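Have a look at this one.
By letter and in written order, the chains are A, B, C and D; residue numbering begins at 1 in each of them.
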């Protein structure tokens, strides 16, 4: 299982802040997970499109599409940050 | 009459913080006044030498050797500033 | 270094005093306070909500401060960032840097703020007369952070 | 703008609050505090005396702030500089600048400090174990002030 977190506008658009997912053997990196989630359709496909501005972190470090993910990881998707 | 002020290390070296001077007709700028004072000899000539690092202000604005001075002016001589 | 994410307000004077901790080597204290304005991008702002990513946010800011330590001679740094509901005039963020000399203190303080704006996971949602809106990231903030790659 | 030369200490928090004066357009407050260190140029410092040129000092600082106003978009600026006898850990100088945005606030605050160090008539005399000495002007301060001619 992996934990997937959603923040801010993305959390509201998807209607959830976190979920547990059993990682399919075919998914080994962040892009693979994003495509898996986008295949749910509706807001998932709109928000997690490959050309979108959504950022991601793996185990609380900023990550890119080819960052490897594995069972037990904490993955987060979120819009560009706007703090300070 | 002009008022001449001395600050910091210069004040201590000259032994005075201020004086009133009747401006001779031959003195029309800051360099002229500096030479007049340096001609007193001793610390005056050492501290107010033409090649020294002493700075000056006329009527509370930073001034250079060719700045004109006239009766009623407030002239100040002092070392480079070290505040803040 | 000290990093705090909190809903509560902060007192600049006592935070600076605590960071200085009677260290007589400190000659310079640079600080920055970000404040909620009543306008943003031309529209009125009644209040805002700040969301963060607990755990990652603190780690990201600690990493930013570590980078600043590597680039400038500083003694210590403090970042406090508020989350939750804030109104115009409320303080949002405090950055304080102590150093022997002012050049290092100023540079490190501005560096931390610029990187915090682009690297630390916080998101602002503004409540305006025409409804609530998530604040978009500003290209100017990316430029502010990017310029530190070129400078020393 | 506010310029105060005083023997008394100052409280950063209340000075910043007074400068902000509940102006909801302010989004950024940059500040700097200079502190007496217990060493300078390798020697121990027990205390220092700060002398100024009453009248000219205030005018010079007001002129420095006016220059900053001409270069950056700032709302207000405050400078407090202490004179008289100070000891290590004592605050010497406070500069606070308010602005809509942080870039202007940081730049104007550092500019005012750099120019204050080279343009405002203050002189420091340090008391050390081997006697009292007037502090020499630093070439690095001239360089800090000079670089603003090239930037901005």
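Convention: contacts are C-beta pairs under 8 Å (C-beta built on N, C-alpha and C of every residue); 3 or more make two chains touch, one makes a residue touch a chain.
Because the structure is a prediction, the values reported are computed rather than measured.
Colleague: Considering only chains that satisfy the touch condition with subunit A, which of them also satisfy it with subunit B?
Modeller: Shared contacts of subunit A and subunit B: no chain.
Colleague: What is the graph distance from subunit B to subunit C, where chains are linked when they touch?
Modeller: The fewest touching-chain steps linking subunit B to subunit C number 2.
Colleague: Between subunit C and subunit D, tell me the centre distance in angstrom, where each centre is the average of that chain's C-alpha atoms.
Modeller: 23
Colleague: I'd like the Å distance between the centres of subunit B and subunit D, where a centre is the mean of that chain's Cα atoms.
Modeller: 26
Colleague: Using mean CA coordinates as chain centres, what's the subunit A-subunit D distance in Å?
Modeller: Result: the chain centres lie 48 Å from each other.
Colleague: Send over the residues of subunit B in touch with two or more other chains.
Modeller: In subunit B, nothing touches at least two other chains.
Colleague: Counting only residues that touch at least two other chains, what does the list for subunit C look like?
Modeller: In subunit C, the residues touching two or more other chains are 34, 113.
Colleague: Going by the touch definition at the top, which pairs of chains touch each other?
Modeller: Between chains, contact exists in these pairs: A-C, B-D, C-D.
Colleague: Quick one: which bits of subunit C touch subunit A in the complex? Just the residue numbers, please.
Modeller: Where subunit C meets subunit A, its residues are 34, 50-53, 55-56, 59-60, 81, 92-93, 113, 116-125, 134-138.
Colleague: Please output the residues of subunit D touching subunit C within their complex, sorted ascending.
Modeller: 11-14, 16, 20, 22, 24-39, 88-89, 100, 102-103, 105-106, 109-110, 113, 144
Colleague: Please output the residues of subunit A touching subunit C within their complex, sorted ascending.
Modeller: Checking each residue of subunit A against subunit C gives 5, 7-9, 57, 60-62, 76, 78-84.
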